[in-house]
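The same subunit A turns up in both complexes below, where it pairs with subunit B and then with subunit C.
Take a look at the complex of A and B:
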């Protein structure tokens, strides 16, 4: 039996990704807040000339928070937790260490190129797959390097059985690889036209309805394999670690994992209900979306029951608060999604603000809460200092929770109001409202949402400040904490 | 079995991959066996319209506008005939969008005109009071990339058999020979516009983005169906 203490884990790559998670999180959420405010106050569109319009900034917001913040968070927590659950240190293999650092360097280059090209409007105009083909190729390299590091560490592991978190990280790696490759199949026009025009430009391999199908197969499952699978990996690692409780049920985790893997991919076509996609596919998407409640709630309930008998920790430890609320928002979001995927509900909800409302109770309440809690848990162990301020975490928790609630409630009302107004007819069967009536009515909700953005990004700034202080000037720890993270 | 899998990462990964790939195999691939066929009489986009589609992508109009009319009376009353799959056969990528902060545009060419778009892109609230859409004045200055649009036409013609004429072929010389046709089309649009800078630019052989964009918007709707002879 290997002793835990004998192994000195190497966190250099995990630290690098922690820095970028903080940086991209702040930038991405700041842009999000700006574009939320633009919908309430359109004058804000003209701050940066053509680069500052809502339409140009919106994909920048989504890409920076997805590929900047979330993916950095995934890599940071992976390079931290994989060593520990596999009982092997990055320092034991020069090769894996090199791969990890190279991956980070390329990641930084890709992220910078992503920001620049999207500001310039160089885009495939496919949601969450805006990046043009040269960047796509770079991302494939980065992803393969991650696979090499992952399976490299697995190859030299001491703990033979893979812990649940590793199942999810492996699934994240495979799922994104498959979907990303298929969705970004495109032909660069420069090489097929006798060197004409822009080198960056490409045309999709698929047209029209086929393109839509592949895109939402990807779009939906980017949510699955970036916003769900690795975040579940995190909570399976960090909640037991922080609380000192064993995972409630092994069988439930098995059921949830394999259930999620099988069901999630089918549900993509629920983004295309009432479209020109064949009807049977729409129905499949609808049905599997509802089935998806089972594995999603399975994981969430497994996590909540892990706290059984230890609920007092919820009042004592703010990190437990973050993680328990994250599980709860995950349950809310995975119930709301299937409701929206019911065809008759979708007829009202689709194209309205209810959809971004749904996305944000998931990403703000579940994804970002979990990543921040994970990074907070890692900080005392990586930097060997206690967390700078417990009070600040408590304040951050309540500010951000208020923000999430304001966000989704305002967007629920906005979405359903607009959906109903679009279809409202008078006694003669004529449409009651012109389109602009259904826009101006949303102003108060857009203003509330912008306020929610300000609150959330304020909370994130508190997180960033707390983390930076923890890294630099907090009290040093003489030995690694067991379970509960020490904080001042 | 699961205990066995958990100790064998390779078989575990293979298992996961099969389970996640299964849905795609059943649900996604069959649609490709059937090529996306155009509805009868639909012509491909002209080079100017393709350049306009690039402006549509560049300024990311899909952030707020859909191009998908759903089969509900409230939608067909507002936007016209519901969308058909074959109408998108030449759309690479598809531009259905997922959010209507503004109205649907799939048939906007049927009920808006060049001068309406000109006023609207310059200052949306001058045409639609209360509009929250930003003004796109930079499109009146920036020059559209016609050569890339031509490169796209050549590519889809050669790779996907999109029915363009024989004059669309690879190489600089072919492009130079074709260019006057694109400029002539742009001149027709500019003739209906009033912005002096735009008119001057088109006269000098440069096509501002807004001209290409309007050509594209006008093509959304029945004008892309050739009249039956």
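Take a look at the complex of A and C:
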């Protein structure tokens, strides 16, 4: 390792991922808003021929916001914060720097190929795992490169103790590696059928109930290890750093970490309640989902208590506002999920709009709020300029908070209405409503959701504008801010 | 399985508090890693056992 005289943290890879997070975030949310509008106004399906239909765009929306926006945000915040908590610069190792840049180049190729292939309708037809086998192989390479960069930095660190955020990033790396490999085991049919059909096509190694089980072991844990674990890593670094307050209880953070690791992996079968999966497995999924409240709330409460005695910052600093609300939405979402996983509640909730409602109060209120707050915090340090506009952040906060509230409240009402109407029977035991009856009743709620989408993507455009102006034309800083991010 | 996890959880809580009380670890100090994260700042580095003089202070 070189001497650290005149050495600085190197944010070149973090900057690259910041750009893709902004780009994919906007594109993914725009597509999401369009498909929300399509559900309310079906004629919007015919705007771009086959490329604009709901069935083509819905997987594209989920993949772009997960693998484009969120994963870019995870990599950006990792390449920023890992250097700082390990007290080592990427510039100290040409090898790690090369690995980081190679990883980004391959990531950009994979993400672009993902958008193109899914627009063309090339898909494995597995939820959150639509990408076909050549892309899966490329993703394995990208993930391994991330591991090399991560453990390379850990190997040359000055700070011998690993900060709690690093444990969460390591868990994200290991968890996704294991689950992604198992779920995407597939046979490319072209090579096994005497060169028939498309090279891109493959068939899963699993079938029937086993396929469903492996799929939702992955599906639920994609939520765990992409939407939860690395986002917790972010809040454990960015909230203390921005507020100048150390984590309220480090011991609680460790306890919550191991609790989350032990419990999360067992909860996936709650996606298959009332299905052909063995009953004991369904019960296990329900029980572990309820137990999951403890480690999730452990982290969230730890974050709220970190602000103890410093709640004035909530009114003074909009980034604290974003992070505290993110933590609060994490609590809401991790209480709502276990409630939905109780078998009797699930009998009403399953397949209804309450499920996307639940997902979105998590991803819009927790994941996206935290990523945007993290990127805002990083911007003055990476670009050595103050944040362009505090007023714009404040306006963005309220527009997007209104959007999240409109989204989940409309979907709560829609979902429970839907579930009750599907189950309603008359005195002779006949179903009282046909499917189209529910569609008619739900129309206003779908329209409210589309409006929520418009508001949220407007807020994201404000975030993107603020970030671009910060990078290009904001006032230059003479020295790096220690805690609170400077903003005009 | 549930009983095993509950036992493990309580054992871990006891372990965390006992190791701090004995002066073997100082977990709360690790929270400062995020705050004092300059490249040239002194590492907190308390994953290693505390130096002898610190241990005596904690007794």
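Just so it is clear, the second predicted complex is superposed on the first by the 481 of 488 C-alpha atoms of A that agree within 3 Å, B and C clash if a C-alpha of one lies under 4 Å from a C-alpha of the other, contacts with A are read in each partner's own complex, and residues count from 1 in each chain.
In the analysis below, a contact is a pair of C-beta atoms (placed from the backbone, for glycine too) under 8 Å apart; a residue touches a chain by one contact, two chains touch by 3 or more.
Computed from a predicted model, the values in this text were never measured in an experiment.
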Using the overlay on subunit A, decide if subunit B and subunit C clash or can fit next to each other.
fit
Would you sort A:249 into first (subunit B), second (subunit C), both or neither based on which partner it touches?
second
First (subunit B), second (subunit C), both or neither: which does A:287 touch?
second
Looking only at subunit A, is it subunit B or subunit C that touches more of its residues?
B
May I ask you to decide whether A:459 touches subunit B, subunit C, both, or neither, giving the answer as first, second, both or neither?
neither
Which partner chains sit in contact with A:161 here, subunit B, subunit C, both or neither? Use first/second/both/neither.
both
For the superposed three-chain arrangement, angle subunit B-subunit A-subunit C (C-alpha centres, nearest 10 degrees) equals 130
May I ask you to decide whether A:415 touches subunit B, subunit C, both, or neither, giving the answer as first, second, both or neither?
neither
After lining up the shared chain so the two structures overlap, which partner does A:276 touch, if you call subunit B first and subunit C second: first, second, both or neither?
first
In the overlay, answer first, second, both or neither for which of subunit B and subunit C A:262 touches.
both
Thinking of the overlay built on chain A, is A:237 touched by subunit B (first), by subunit C (second), by both, or by neither?
second
For the overlay built on chain A, what is the smallest gap between any CA atom of subunit B and any CA atom of subunit C, in Å?
5
Subunit C-contacting residues of subunit A that also contact subunit B
160-162, 254, 258, 262
Which part of subunit C faces subunit A closely enough to touch in the complex?
2, 5, 8-9, 12-13, 16-17, 20, 27-35, 37-41, 43-48
Which residues of subunit A touch subunit B in the complex?
38-39, 42, 45-46, 49-50, 53-56, 58-59, 121-127, 151, 154, 160-162, 167, 170-171, 174-175, 178, 182, 187, 189-190, 192-198, 201, 203-204, 206-215, 217, 254, 258, 261-262, 264-266, 268-269, 271, 274-278, 281, 284, 288, 347, 350-353, 355-356, 422-425, 430-431, 435-436, 439-440
Quick one: which bits of subunit B touch subunit A in the complex? Just the residue numbers, please.
2-3, 6-7, 9, 12-13, 16-17, 19-24, 27-28, 31-32, 36, 54, 56-64, 66, 68, 70-72, 74-75, 77-78, 83-85, 87-103, 128-136, 138, 142, 145, 147-152, 154-156, 158-160, 170-172, 174-175
Mind listing the subunit A positions that touch subunit C in their complex?
4, 7-9, 84-85, 87-89, 158-165, 236-237, 240-241, 244, 246-247, 249-251, 254-255, 258-259, 262-263, 287, 291, 483
